[in-house]
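Both of the next two complexes hold subunit A, though its partner changes from subunit B to subunit C.
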Partner chain A sequence: MTEAQIDGRPASLDAAAQRAAEILSRARLPIVAGLGTDIAGARASIALAERIRGAYDHLESDKIFTDLDVMRQAGRFVTTPNEARLRADVLLFIGKDLTKIWPQLLERLAPAAVPEFDLAHATRKLVWIAPGRAAAQVDGLDVTTIDSNDPHVALASLRARVADRPVNSGKGAKRKIDEIAQILKGARFGVAVWGPELLDSLAIEMLYGLLADLNKTTRFSGLPLGADSNAGGVLQASGWMTGFPMRTSFGRGFPEHDTWRFDAARLVDSGEADAALWISAYGREVPRWKKQIPLIALVPSQVKFDHEPQVRVEVGGPGVDHDSAEFAREVGAIVARRASLPSDAPSVSSVIDRIAQHIGGEA
Partner chain B sequence: MKPLVLALEQEPDQRLDLSPLSPHRLDGKSAKEIAEIEVQTTREKVTVGDLFRIRPGDAQTIVFEGGSTRLDNVGLGLKGGEIIVEGDVGKCVGRSMSGGNLVVAGDAGPYAGSALSGGRLEIGGNAGDFLGGPLEGELEGVTGGLLIVRGDAGARAGDRLRRGTLVIEGSAGDYPGSRMIAGTLVVLGATGVLPGYLMRRGTIALANPPELAPTFLDCGAHELAFASLSSRLLKPESRGAAKLFSSLLHRFAGDSAALGKGEILFPA
Partner chain C sequence: MLILLKGGRIVDPVNNRDGIGDLWIEDGRIVAPPAGRQPDQIHDVTGKIVMAGAIDIHSHIAGGNVNTARLLLPELHRADAPLQKVLPLASAKWSTFETGVRYAAMGFTTVIEPALAPHQALQGHLELSDVPILDKGALTILGNDDFLLSLLREGEKPGAIADYVAATLAATNGLGLKTINAGGATSFKYNVRAFGLDDAVPFYGTTSRKILEALQQAVDDLKIPHPLHLHANNLGIPGNVSTALATIEAARGKPLHLAHLQFYCYGDEGDHGFSSGAAAVAAAVNAAPNVTVDVGQSMFRQTVTISSDVLRQFNAVGQARPKKSVIFDADAEGGGVVPYHYRETEFANAVQWACGLELFLLIDDPWRVFFTTDHPNGAPFTTYPEVFALLMSREARAEAAARLPQAALAVTTLPSIAREYTLNEIAIMTRAAPAKLLGLKDRGHLGEGGLADVAVYSPDKDIAKMFGAAHLVFKDGDLVVRDGTVTHYRWGKTLKVNPGYDKAMDRRLSGYYDHHFGVSHNMFAVPEHILPRPDPFQEVECAQ
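After this line comes the complex of A and B, so read on.
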């Protein structure tokens, strides 16, 4: 039985879809935000955004753009967790939040295990910048750590020393940095691992400069942990549908990408967007904007809003209630997942299709 | 000749793309033709005539009476002539301009003077983040010209600056001069953290430097020949900048993480 509500009162899915269509069709600039959904949901959502000439954004865009901005302004190269586990003889971890971002990280990379495809078959070396207490989670190998309040400074110093250029640090700090630089330079295949919260795009550009410098004499690659809510999958779907990442608008009838103008929270709080469709099928995230505008929410049943949305449809979890395709961190690609607990809860794509049916040709 | 005056009658409901309103694009157009130009960015159509009262004149000088933070791309691609805005502007004012003079009396949004390659852009109020910086996917920020901010600038002012001069008379946010390739950035007020992060070459002159990254190396105090030239050159535009360059300057070279051929200067 589908749970849908209009103004907090139970309604049929069809009535809810019709009301949602009315709200979105009336708006000057409607937005499709959250976008926490599988590939089918993302495709339906972006197609709907085009139809209603709205803008779309993902709830984890800020994190996705830390890596993406480096890719499109400086260049980058990545590897997969499996490659790292099998081949890396040196791991460079950055930040105390890695296992929080991806709880299976240590299980997947097995730092203490001997890398199977590394010809030397030696124990791995692990360097951890700004580990907090997280380094204690790793058993069975020596971890070289360096505490740093600001990874920008640590990465800059390290890059300078790897390239044998001088730094203006105290003797003790310089000795530590030099020790780590030697470990990195001695790698046969090294992999750097980071998350998008501690490192911003500048720090990541510095890190890629370091990796590029290391690749002059050895091999080193990157493993960004990325963001949740299928941000990586939605990014790819957006790319193949419009040529742009999220934060793209169809306001003028063609896709225009702008990370500042089409930030959903900015659009709502500035008063530029006047209706929103919020999609978060993976979790309990609610919009971050403060201003109240007509809201349609496609969310799981437990989600609580400060102000009840005009229309609310309870959707199933991708890969839980229904089969899904989504970006999987463990392989660094889009994978098909079978429903773990199949149910009748509708998928985001099916609800969006219903809304789209109620939107006239001249929407 | 009288200038062309566009008086804003009300705050627009949506962001507007004013890139068509530059001298080279309005040359020879009648007031009626100008009034019909579309400037909307959503499905709701808006023309120049809907929002502005037009007082015809020579389009070599365009005066905007009143402004709004929703007016984007003012003076985009300006090649010559003059635009004066008696108010605020939104994103990307003076983007890609290669000549002429653009003066904003109020505040400017992010990416003001983005990819400026020539001419002069002056912002009387404050500027947002990424002053002069490249947009998504672009590799270079300012490549020539002069950009002056009388107020404060946001984070990462002068990002990927390659040539030309940026003067911020107020304070600058974090990471000013990030990823600089060359060129000159001057900040007279306070400066946020880590100036010159990832800079390869170029000059950053700071009246009030914060703590520098360890990848900037002390080169001592100098009387630099170029500094007195810069001082004379900047005197008509910014007395503060001229004064800074006329003092004895302490020089730090960096960012040694990148190429390390840039410099940060401050009064010794």
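After this line comes the complex of A and C, so read on.
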């Protein structure tokens, strides 16, 4: 039985969809936000956003744009988890949060295993910049670490020493940097791994510069860990559907992309957006904006909001309640996932299709 | 519904028709003139040209690398307020939706995405699903994957390779097999920076030639209609005309399709160390009836190069315009996205432009030379109407050539070529021959029983104008375009082959993926029900 509520009171899914359609149709600038959903949900959401002339954003956009902004300015150099696992003779981990971002990281990359595609079949080298206590999690492998409070300094010093340029640091620190620079230069196929929280765009651009320099003589690539809630998959769907990433608006009748203008929280708190469809099917995230506007929420059961949404529909989990297509961090690609606990909880796409029907036509 | 297209000039090379006549359509098919029945709909196409819907055999319209290019270059596809009400997401430039709309407006009804990476296949098909109107298909890439290279290293029998190819085509829903700088991407991972036909792939020992031969054999064994689709070694390098000639030889008389051959027609003569070798390549193609080619014509404008030839793309990073690019060392091939601006003032770009036209004009048989710009690598597909004009009008070519550095034209044979394509030859090159090459018996012609994919053009002295906006386009008998404007969406099929194979290969692949990748082989499958529209595929038969 589908759980839907209007103003906190139980309602049928159809009544909820109808109320949602009324709210979204009436708004001057509605937004579709959160977008924690599978590919089908993202497709339906973006089509709906165009129909209602709204803007759309993803709850993990900040993390996505940390990497994407660098790409759009300077480019990128990346590989896959499979290549890191099977080929990399040197792994360069950056930041203490890697296993927090991706708990399966060490299991998946298996750093202690000999990389099968490496010609030398030698034990790998693992360098970890600013590991905190995380390096202790690596079994069966010596880890070269360098503590650093500032990844910009660490990466800039490394890039300088890889290029045989002087750095202004203490003798001990310089010896360590030199040691690591030698490991990187000696790699046959190295892979740098980072997350989008501890590194900002400047640090990532520095890192790509380091990779570009290393690739003058050897092979080295990158593995950004990305963000949760299918941010990577929604980014891809947004790309093929509108040409642009999330933070795109149809307010003027055609897609316009701007990371500042169409940030959902800014649109709400500035008063520009006057109704929101919030989607978070992967977890219990709630909107981060402060201002209260009419809200329709497609969320798992028992999500707590500061103010009860006007419309709430409890949706199933992608890959849990229903089959889904989503970005899989473990292979770096969009894959199909079978429902692990199939149920009749509605999918985000099916609910949005219902809402769209009440607006007129299909999403 | 019975539809009559009355009194047009029907150009249908397959059925040897080129003359004024009627065309009847019913239930999505072309039918014989029905005796004693009145049509429900009559279109007077007197003075118009009626052809089958056009088929593009090589255009990068979907998949991870294409999408990376969209995201890399937002400044190249800013949208504007549409002049009139448009269909959903058609105002989004370079979206899959706009792609279908713009192709259909030119009279194209089938387009093949030529680079489907097996580990990114689901995204490729999701994107193709969102291309409206057109039927689509995708060529699956093998040739840099560890599994195949290991089979070759271990000297496994052709049967095992055929089983692997068939299993991969089945899992990825491919229409045919593509190989891209076979062994080159893998060699690059071992820090090799140049890779030719007879270079050995480190770790595996096998050469590009041996990979090519093995895959050619597998396609033959499996009776897949489309020959092996080859992106050869040394793309874009001065002097690579020798690679083109050696690769034609390497086909050993067996069917082989050479993709975007223009990029392999470069000599290294003259003051610039860059010249056209297109005449020699065209002569070799003329002498090798087993070989088909598409051109990959370049046109002067901003574009972006998108290729799974990661080695070539890495070497091109320095020429990026604007100065940013993406290099992706993926499982097997990966890819590179390098924006580029072909300029009329640039010697090399002028030679490239001439090379493409030389190939078109010097290859005698329009059944074996295909119309592509390798979208978007040589130019976006939206330049097709201009290319048709260049092929059909010597005058148009002379006008365009006059704007170029004359020293560049001097290292080509283009100024000496008088040939002008006829409408019949255009119909062969863009309709009849592609259908034959891909094994699509139901299209590419206007004979009874064929799909009612029909394009009607208004003749115009301005050839580009004529081909840029079709007067009418029918897809499966449904009138979808009027005077260059798409009136509504419909959703086409994705064409695929399904060659049989020994299912023991599935078990073997399952063990291999568990052991090597630590993930299930099934993870990379493309389950039909996960695609957004019902019944998305149409199977193309392999020969018996």
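Assorted remarks:
The rule is simple: the second predicted complex is superposed on the first by the 359 of 363 C-alpha atoms of A that agree within 3 Å, B and C clash if a C-alpha of one lies under 4 Å from a C-alpha of the other, contacts with A are read in each partner's own complex, and residues count from 1 in each chain.
By definition in this document, contacts are C-beta pairs under 8 Å (C-beta built on N, C-alpha and C of every residue); 3 or more make two chains touch, one makes a residue touch a chain.
Values in this document were obtained by computation on a predicted structure and should not be read as measured data.
In the superposed model, A:S301 lies in contact with neither subunit B nor subunit C.
Judged by the touch definition given at the top, the superposed model places A:R72 against both subunit B and subunit C.
Look at A:F117: by the touch rule set out above, it reaches subunit C but stays clear of subunit B.
Once the two complexes are overlaid on the shared chain, A:T218 sits against subunit C while remaining clear of subunit B.
By the touch criterion defined above, A:Q104 lies against neither subunit B nor subunit C after alignment on the C-alpha atoms of chain A. Contact with both subunit B and subunit C is seen for A:R252 once the two complexes are overlaid on the shared chain. Considering which of subunit B and subunit C touches more of subunit A, the answer is C.
Touch criterion not met for A:Q182: it reaches neither subunit B nor subunit C.
Contacts of subunit A with subunit B, set against its contacts with subunit C after fitting on chain A, overlap at residues 72-73, 252-253, 256-257.
Against subunit A, in their complex, subunit B makes its touches with residues 13-15, 40-44, 70, 72, 91, 110-111, 134, 136-139, 156, 160, 175, 178-179, 194, 197-198, 212-218, 255-258, 260. Touching subunit C in their complex are the following residues of subunit A: 39-40, 43, 46-47, 50-51, 68, 71-80, 82-83, 85-87, 108, 110, 116-117, 119, 188-189, 215, 218-219, 221, 235-237, 239-245, 252-257, 323-325, 328, 330-336. Across the interface of their complex, subunit B is touched by residues 28-29, 53, 69, 72-73, 152-153, 155-157, 159-160, 163, 165-169, 173, 202, 205-206, 209-210, 249, 251-253, 256-261, 272 of subunit A. Here subunit C touches subunit A in the complex through residues 62, 64, 66-67, 70-74, 77-82, 88-89, 91-97, 119-120, 122-123, 126-127, 130, 146, 188-191, 202-203, 314, 317, 320, 324-331, 334, 516-519, 523-527, 529-530, 532, going by the rule given at the top.
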